[in-house]
């Protein structure tokens, strides 16, 4: 009997590569006759390669993808292997229903998440201390924090940094709390926000910028590119910029460049009194999917299951793909204190909200490249003063609806 | 074995230009034949057709009896020396010589023997280990000849092999090549040679026979002295000889003194023989020709009195060129310019005359030529 | 105004090679001076130093009286004609001529006048609208000269301007350039000319004075006839004249018949005057020189009897070169090769002799030269 | 030139000399200024050109926060751990493997490129054949379509050939002279070489292939060296080709391995990345420096004559 | 031998095969794709000329991108070529350390599209970057190079210019072919060094200038790495070159049919411009060697 060889592709950095290779070895040790061939690389070019491979029917048996890509590669759920057909091999109980639902398209279980991630506020406590201010606890405090912060730290200092998408999500959170709907309807392919809500969405973004709370897009761009990550900004490194609205999975990255005087802390999730929704934006981050053409669907399912739920795998992989979504894996890490205080706090914040059912599933279309590109375009024009708030709101409504209709 | 026979050879270039117009020519075995003519007269084209570097558009080419029209160069038993030598710059002299032999699979020992033999013949044993760029012009030229010799070809082809050398070197290489050819012939090696040049001095001194070309047609083929003394037409007359033959428009006039050639309104009495042959041309324009050495500058020199058919006329001095042993005197007869060539030792008083002064010259009309006025100008006295 | 004065001029190239060794020379105003010498003797170097294209390592260069050692070329009032003409290929002939004038800001009308004037002088009005690549060699050469003329320079510099032309064209351009220079001088335009060549024919015919160079030193400066008749040393004697003077090792021997020059064991009786001046050299080796035209091939020709100091000796024929009006006869005296130059009309029976046969020649010993055996070989008879 | 002229000039001379000396001085000064200007320009531009290399080397010794906050290139400490770490990589293989892979792609590719391009250039430059002009325009034309769009069709094609995850897609097309830039270059160069040598060789008995091998190739050597250098550098730098066609990590070339440790959300040790970038540049720099003399001579004759 | 048509064809045969297989087939396929809607996951659907229609009538981003591309090409190509020529000219003098300078100037081209180049470039043009520091030393207000839509394209143009190495190498070669005697003649005619450069050098190397212009134009129209790494097309699409748009459409939005259509429009533009250049070259390119081509 020839060994069943499966290809497994992922992207990542050094640590992820090392741990994953070890995990593969562990799996192979447990499953004689199975060989897993790692095809790994940096993030640059990963998607092009994957796309080309899929177009040529040559994709690996097991793939790591972003959750947002699922809707593109598997519009109707038939793009990947239906893991649902191999349920006996999977420990699905380790995952929440919601997580399962998020991996399911058209009734078919396309993938399982490595972790669940959500946006939250992270603050540089030291910077606030230097300004003699306390961490914002309400939206009003946040909106008002800009000017005093600058008064203390100079006009290059900002309370919160983020690239355009971060800011747009931050503003959406506020609107969602106030009006109860996100931009894209989670169930249907249409714009969910009312015209008024849309207008306020844009206004909220402007308010953050005009109020010197958030780093303005042009300024950020001028520092070395609009999409340059926060941790690579000198002003973040030295604590001039004091906050970030970001995924819990990048906390470690954000902390990595800080100089010794700085200290990060997870803030309370800002919530309007009487909010109609939590506005927390959360979703699975990375997914493992299997090729529908794989010759060894069982092994693929088993391997995915191993990586996600096996305690040994969890021990090996650690946090290299975020805080594990599977309960058993998480338990191993918590027990072994592999999660640092900051990450743990973030995770608890998310966990609490999730368990309280306060995180609603975003529409997959919201993160589709087209919608992303469109929203960024509109908000960029707002940031550069090329569109008025009203015009922007109108575009978001009309063009947004048209685009969503086409996408479905 | 190695005679070269051209029969109605034609060449039309791909662009439609007809370079060679039906050339007939026999080059005999062992003969040194020179092709001469002005630039663009198709000397090289003809040579390259014989070599097989240029396709033959029409006619038949035979080398050593068999038709070679469609044979590759290497099958024709020829060797060629190029104007710029075309030595292989990346090979040593030795390898340059040996290259052709090696290609044909000659045994190593024989290659070596033949290369060293050729090197000895050309006195360049000491150059064998050099690269072409380390050679002087004359040395490179010898290597190029050596490369031809080692092949022991039936026919040597030379395309202006001396024209890149300086005057002094050219003269000595000329002598050397001539001697080489005779040596080879004496050693019994077949060595028909066809030599292209546009320099009539080379042609005259080297050629056993000379083929004068113009615009792709043969003007005359003959031994040098015949060409010089009995040119077929004005073109050949003008081309052969230096300084050039004085060829000037003239008219044959008959007066009571007899027939005369009127040049620039000056009548020059013709010898009887000439007058007779030109009878048909009386009153018509033609071209009069006289070589510079047949104009006497010093009429008082010994022996001048004995010259027959000497016509004495006055000319206006323009200037003189001193060549050491001889002097070229440029003067006008009426308003027609003439050149006289005189030995430096027999100049008389002409040397002291200045531009514009008059001087009496003697025209040896017995040596004069007459050519048709139009076209190439057939020689009317032949 | 435009005399050129070189005083202890030296040139050391950056690589340390000393090309010119302290040259002293005066070129007079309006004079046509020729630099001649073998390849590599620093003719070009010297000319380029005068032009300002090459820096002067030592000595003083004056043009028109003032020291110009460190002036840029354009400030020296010179014009230069290059060997390969160096026409600007992207400009029409007109613009080639006008380029320099325009650069110096000459008014348009004057530029035009001067260009057309030069074109007329060189008979090339019809070429003005052509590009250089549409010109023949001779035409390009004229344009190059034209470009020099329009500048109305004090000094013309020519670096082998004719060496890229074919023999025929070279001869006619030679005459043309000489005439041009005289015309300019007669028109009163300053036109000192320095002309570089390695062709002694050009040097002899064109130069009013000739400067013979060898290895960066001057061998002799004089008028052509003086150079020819009284060469300062064996080098000059060998360089000037074609075919080359026969210069052969010899010994002066004295017997009862008087003094004789022994060449290849054949004694050649010396005239009294020579013998006297060579008294100090009796029994010692030296070099004997005799020009080919001073060897008589046909001893039965008229006038030969009247020649003084004629020594008759037998030689072995090697081969003959026919030049039309004259013949070069190569023969051996003992085992020493000699060349004789004879008029084609006065050959006698030598023409019919074959390689290896004996023939009696006459050596005109009154014209013979004697040179020191070593080095350049000082002329011992001067 | 009489005696008066000889005696008088002494005074005039001096005046002349002063005047001409002044001019000479100006000329010489101008020359010196020109030389200095040239060097200043060269050094200034050279600095701009070299800055990245200097910065890169400097940065490879810095910590992450230093890299992103300091523009200067002087690192605060000098230790080579970044190099050691970068060399070891976070994969199963060290950079030695990746360099070897790069050479396994580059060297065969260079060989087949040279062979095929020389053959084709020879044909274009010397032979007459049907459709020559048309084929030449096709050649120039193929350089103009954006390569991005050819990627997918080419991928599908190589899939059919079964060449995926091998070096063949990067090597085999070059064997068919598809690197038209080089063909173009060689054609230009060949046009500048006189044909006499080839004619002499024909008379010496060469056939077309012998001619190519014994005469053309040696004469084309400088141009061929430049093809080698260009192809070396470009192949070493090529990222997209290996990315699409190779999936096995063990087969990755340097260009791909360089980006290996740059994920999207993880912490990156920039010093190691930069350190290894520096190392990765070395072969190209060395090859260029070693060959540049021939290289420039080679391109020399490829220039104008077209 | 060279008149042997079959032999010549035999030598180009590999090329013909190669082109057919490796170039022409993908060409044709991409052309066919441009008439379809194709999202990789599902088979292509034939939609006729819809892609082209949409592109020309309903796609403002295409217009914007085309404009940006044209500006980029119009600026970057002359700059790169001009700069390469200038440096080659300076390097053509006999100087000490010439080899070093040659290699130094080629270095950026070796760097190619590597991360290092991107990181560095962002650094140079950042608000407090080296460029602005130098500018402020010169008393010029710092410019938000990467953020200002009017300046951002210049960062990309300058990057393109900076990597002028291969054009320089080709120029160096050409310059060495200009006969020195022409410079000497010009010097005697009284031309200054500058005049010599513009009136002798430049006209004589027009064939190579032309060659470089065409090659660099082809390159510039396909320039991708620079804007992709430095500005990602922004801000406000001010550096959104067509190649970026094609990339986004094809590999980000999975609109391969549309991407192919865009590519073919780009191909048509480059081809058209090249053709125009070839025709215009008759009037300004000077081929000195034409007469000698016999030999």
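Worth a mention:
Which chain is which? They are A, B, C, D and E, in the order written, and residues in each are numbered from 1.
The rule is simple: a residue touches a chain if its C-beta (ideal position, glycine included) is under 8 Å from a C-beta of that chain, and two chains touch if they have at least 3 such contacts.
Note that the coordinates shown come from a computational prediction; the quantities given were computed from them, not determined experimentally.
Counted as hops between touching chains, the shortest connection from subunit A to subunit C is 2. The minimal number of chain-to-chain contact steps leading from subunit A to subunit D is 1. Here the chain at the heart of the shown protein, by mean C-alpha position, is D. Across the two interfaces under comparison, D-E and C-E, the one joined by more C-beta contacts turns out to be D-E.
Separating the CA-averaged centres of subunit C and subunit E is a span of 57 Å. With each centre defined as the average position of its C-alpha atoms, the distance from subunit B to subunit D rounds to 53 Å.
Averaged Cα coordinates give subunit B a centre that lies 24 Å from the centre of subunit C. The geometric centre of subunit A is 38 Å away from that of subunit E, both derived from CA atoms.
Residue positions of subunit A touching 2 or more other chains, listed in rising order: 48, 55, 234. For subunit B, residues that reach two or more other chains under the stated contact definition are 14, 72. Within subunit E, contacts with two or more other chains are made by residues 1, 3, 123, 128-129, 204, 288. Those residues of subunit D that touch subunit E in the complex are listed here as 34, 38-39, 41-42, 45-46, 48-53, 55-56, 71, 116, 119-120, 122-124, 126-130, 132, 135, 138-150, 152-154, 156-157, 173, 175-178, 181, 183, 188, 191-192, 194-196, 202, 208, 211, 226, 230, 233, 237, 239, 258-259, 262, 273-274, 277, 281, 284-285, 288-289, 292-293, 295-306.
Remark: subunit D residues 64-65, 68-69, 89-92, 151-152, 155-156, 159, 164, 239-240, 243-244, 247-249, 252, 256, 259-269 touch subunit A in the complex. If you check the complex, the residues on subunit A that touch subunit E are 47-48, 51, 54-55, 72-75, 79, 217-228, 234, 369-370, 373, 377, 380-381, 384, 386. Residue ranges on subunit E touching subunit A, taken from their complex, read 40-41, 122-123, 125-129, 144-149, 230-232, 234-237, 248, 251-254. Residues of subunit B touching subunit D in their complex: 14, 48, 51-53, 72-74, 78-80, 82, 84, 86-90, 99-100, 103-104, 147, 151.
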